[in-house]
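In the two assemblies presented below, subunit A is common to both, partnered first by subunit B and then by subunit C.
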Partner chain A sequence: MKLIQKPWLWSWVAAAAAFALTVALTEGRGAGELAYAALSFGAFAAIVGLGQMLVITLGPGNVDLSIPATMTLSGTLALKAMGSDPGTAWMGLGVAILVGLGTGLANFALIYLLRLPPIIATLAASLLYQSLAIWSNRGLRIKPPAGLADFATGRTMGIPNVALVGLGLSLLIWVLLERSVWGRWLLASGQNLRAARLAGVPVEAVRAATYVAVTVFAAIAGYLLASFSGGAALNMGAEYLLMSIAVVVIGGTSIAGGMSNVPGVWGASLFMFLVVSMLNSYGAGAGVRMVLTGLIIIGIVIAASTRRVAR
Partner chain B sequence: MKLFAKYRILLPVVSLAVLLAATFYMQPRAMSYFGINLLFNLAVPIALATVAQMMIIMVNDIDLSLGAFVSLVACVTATFLNDSPMLGVLILLALVLCYAALGAVIHALDLPAIVVTLGMSFVWGGLALFILPSPGGASPGWLRTLMTVKPPYIPMAVCASVIIAVVTHLLVIRSGIGTVLRGVGGNARSVQRAGWPVVRLKALAYGLAGLFGVFAGMALVGLTTSADANIALRYTLLSIAGVILGGGEFTGGKVSPVGAVIGALTLTLAASFLSFLRLSPDWQIGAQGAILILVLTARLLFTRRDAQA
Partner chain C sequence: MTKTQMLLGAAGLAMIAGGAMADTSGKRIALSNNYAGNSWRQAMLQTFEEVGAQAVEAGVVGAADAYTTSENQATEQAAQLQNMILQGYDAIILNAASPTALNGAVEEACNAGVTVVSFDGIVTAPCAWRIAVDFKAMGKEQVEYLATRLPEGGNLLEIRGLAGVFVDDEIHAGIEEGVAENSQFEIVGSVHGDWAQDVAQKAVAGVLPSLPDVVGVVTQGGDGYGAAQAFKAAGRDTPLIVLGNRQDEMQWWADQRDANGYETLSLSIAPGVASLAFWVAQQILDGAEVPKDLTVPFLKVTQDTLDEALETTPEGSVANTVYSLDDAKAVISGAM
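Presenting the complex of A and B:
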């Protein structure tokens, strides 16, 4: 396959173009800072996007709408468990991952036992998680432990730590998808569930693992985001609902399922941040910025579809 | 229990009745003209939005931009429609046409509706923010009068819900074009083979969704008397839940307009019911989710029993 045919290429081209246009305005000044900010903020979108990508790979109708609520719940509970005490960062991460496991299992129980469409199951469940977060948060703003906050906002060798965590998780997913049986099973289930089942793939186990994976990723993102922004807020996950779906699709993962694309999610996450900063630096107001973001998303989807037809 | 499978509409009706009975039991004073109006007042825009979502689900798509669209309509209504009615009407008409065009484009280019509407939600949200950067505006007087009218015996909210249900039932279930539209959801290819222009049908379904979205936004402003750019964002998820609660399905063109209206009423009532339970406000959102799960579980129990019988 030639480079030009790689589905992830376009999101990276778009991200690079947005970067170049922004830097062109400032004549090269601030390029480093912009790249740094894009990596930091893009990392959160990429982590939740990776999870959403796995679910979307399962095929049409599979999407997880509980990501924002899971992020809020895990951030809230983890910070509450840590209570700003030093040396509790790993314990907090453990709490966050447990939250992710719990919400993922609950989501899948609704989907599997009650045969609910995933959209409705994760939507209804997310309302419960949201209430749980409100109830346990009570408007308190607990600061993360100093060490953890330093880690989340800090950098190693010039690269933001959150981006390194995101890259590590991406690598893990990439290896799982490309090199493990589980990844093959996931792709097979997404391409044709019935055929996969007849071929002996344990499709329900694959689906369960996928729905747990997405919430664990969301929980980790929530934990990091709460540490990054100095506390959990009840609306901290809100923007990641649409964002998680957008980065998956812009990244070149097929909405019809059965095809994943890890690098594309990163390109799209960087792009989503860069396009906003580009429009910002050209002086666009909030309204214009949103309209253009929406039109660009649709433009990319149309471009991707014509490419598909041409091939 | 064949009854429930035969009449898809029964379960939503029963859920609403049970919830209503429980509400009256908890708070007998709600059982009055004024009480019922208060309980269901905000249901009118939600019911309209749910019908709009139903039009999209009817043709096997899903609309993630509906909440943003209703917010935009609310902003237009509270500004342009109030200040210069002619311009306001033109803008609203243009919005409906946009929706129809969207449906045609989605079908013609074979785009995933979930992503296109996702993108459109940014566009509508941005336009709304552009029109009304901070909450404000005012409801046109006639709209305010219409939404607060007090018909004898039956409260306005109930009247409006019945009218919406009857009109959409006639349109979607009884009329010829409604049947063809549901056919598009059932099997678009056969409809095409039968000689119908599917692109135009999809445009029509989306156009209808846009029209009901416009009504929803106007009704909302009539009730709240002002608007802001985020006023109806939660309608996206509420409307999807309402359609499913009302017995609709995501695929196959299986929708029920009466059920959708009842689903919207149930969701609205759920919120009021919980406040009567003296449940802490923290749990109000969660309990809506729990009620949603309960009703859908009930539906599953009945359909499964039928399958065994």
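Presenting the complex of A and C:
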């Protein structure tokens, strides 16, 4: 496949264009600063986006709407468990991952046992998780331990640590998808569930693993975001509901399922941050900004999908 | 004894017991709240529950129950109001999802004889009472404060709230008015922080590289700490950031003050306004004459009151004032 036919190309082109336009405004000043900020904030969107990508790959109707609530619950419980005490960062991460496992299993139980459509099951379950987060801490912000906060806001060799974590997770997903049997099973299930089942793919196990993976990723993102921004807030996950779906679609992953795209998720995550920065820098009002963001997203999706049809 | 006789007897007893005023000990008050997902709303609910429970125990009212909708939708809250009418509440205090979309349900409540007192998120229905903060003045005061601290002026960054919400427009209008009167200031950048630290941090980090030197940041509350973090991450000097009474903001302020003598101002609406609405509703049920539009002052924390405010604010919460019955009477007589 030629470079121009790669579905992830368009999100990267768009991200680069938004970056160039913003930097043009300042005549090159602040380019490094902007790239650093984009990598930091893009990492959170990329981590939740990777999880959402796996679920969307499962085929039509598969989506996880419990991502914001899972992020809030994991951030809240992890920071409460750590209680700002030094040396508890790994324990906190453990709590976050347990929260992710728990919500993922609960989501899949609703989908599998009660045969609820995933949209309904995850949305309904998310109300429960959000209530648990409210009930457990009544919205009080607990500071992360100093060492963890320094790690989350720090950098290694000029790259934000959260971006390195995100890259590590992306690499893991990429290897699983491209090089493992599980990845083949996931793609086969997404392309045709019935055919995959008849071919001997354990489709329910694949679905279960996918629904658990997405919430574990969301939980890790929630844990990192809470550490990054100085504490968990009850509304901290809110913007990641649409964001997680947008980065998957812009990144060139097929919304019909059966085709994943890891690099595209990153390009789209950087783009989503850069486009807002660009429009803010040019002084666009909220209305103009939302309209333009919407139009640009539609444009990229059209560009990416016509490539695929022409192939 | 027939039912009519019983009622007459009860009415007679009530007249003897209540004196000139009507008795509210049997009255039931409900709180209709549209959102619970941040620390301000949690503090608001907590204040209402405490004040309500005390009032019920003291026999001032029969019941004080709080209800919150899950999706922050006007349609959902309208249905909630209709349920409250059916449940026979005597008064509803209301933090509304929309200033206009709930008017139909509010009118229904009024027609059913229910007293409706809206606060914070007010409704425009003429039959309801409104307890509002002068958000415009809150925006203007920020610029006026900056003018006293930075007489030579300079560039400002404005952090706005949630786009399309009444409160955001009002505070923004106040800030614009302040800047128009103090022409030494210029707003060089404006971002939406959605009243959340992490969103504000992200938005400010994105716009900072393209901004010239910024001397002051005007905010709407819940976003000051995030802005400070973004300035720090970008390696810029911390400008004068007006804060919004959140505990983490005030803690950061105190730390900065101890380290380098940082001075600023913090102002926001106190979540305890729910308790004021509660007492106003009680007064209306009691037969008091109450004007339809009441104004509640915003809660200000200054350099002098910072330590005191930090001491009384639970970690991670919002600076608060609980209003008493006497405060409510003072607000009512002030508006007469």
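As a working rule, the second predicted complex is superposed on the first by the 311 of 311 C-alpha atoms of A that agree within 3 Å, B and C clash if a C-alpha of one lies under 4 Å from a C-alpha of the other, contacts with A are read in each partner's own complex, and residues count from 1 in each chain.
Please note the rule applied: contacts are C-beta pairs under 8 Å (C-beta built on N, C-alpha and C of every residue); 3 or more make two chains touch, one makes a residue touch a chain.
The model shown is predicted, which means the values in this text are computed figures rather than measured ones.
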Checklist entry - Superposed on subunit A, are subunit B and subunit C clashing or fitting side by side? => result clash
Next on the checklist: Contacts for A:T26 in the overlay, against subunit B (first) and subunit C (second): which applies, first, second, both or neither?
Outcome noted: second
Next on the checklist: Let me test your reading of the model: by the given contact rule, A:A233 touches which partner, first (subunit B), second (subunit C), both or neither?
Outcome noted: second
Checklist entry - Who does A:G287 touch here: subunit B (first), subunit C (second), both, or neither? => result both
Next on the checklist: With both complexes superposed on chain A, which partner does A:R115 reach: first (subunit B), second (subunit C), both or neither?
Outcome noted: first
Item to check | Which superposed partner A:V301 touches (first subunit B, second subunit C, both, neither) | outcome: first
Checklist entry - Is A:L242 touching the first partner subunit B, the second partner subunit C, both, or neither of them? => result first
Checklist entry - For A:I134, is the partner it touches subunit B (first), subunit C (second), both, or none of the two (neither)? => result both
Item to check | Doubly contacted subunit A residues - partners subunit C and subunit B | outcome: 127, 130, 134, 138, 286-287, 290
Item to check | In the complex with subunit B, residue positions of subunit A that touch it | outcome: 61, 63, 65, 110, 114-117, 119-120, 123-132, 134-135, 138, 242, 245-246, 249, 255-256, 285-298, 301-302, 305-306
Checklist entry - Which of the residues in subunit A come into contact with subunit C in the complex? => result 22-23, 25-26, 29-31, 33-34, 37-38, 40-41, 127, 130, 134, 138-143, 153, 225, 228-231, 233-236, 238-239, 273-274, 276-277, 280-281, 283, 286-287, 290
Checklist entry - Contact residues on subunit B for subunit A in the complex? => result 62, 64, 109-112, 114-116, 118-131, 133, 237, 240-241, 244, 250-251, 280, 282-290, 292-293, 296-297, 300
Checklist outcome for this item: Per the touch rule above, subunit C residues touching subunit A in the complex are 36-39, 41-43, 46, 70, 160, 163-164, 189-192, 194, 196-199, 201-203, 205-211, 225-226, 229, 233-235, 246-248, 314-317
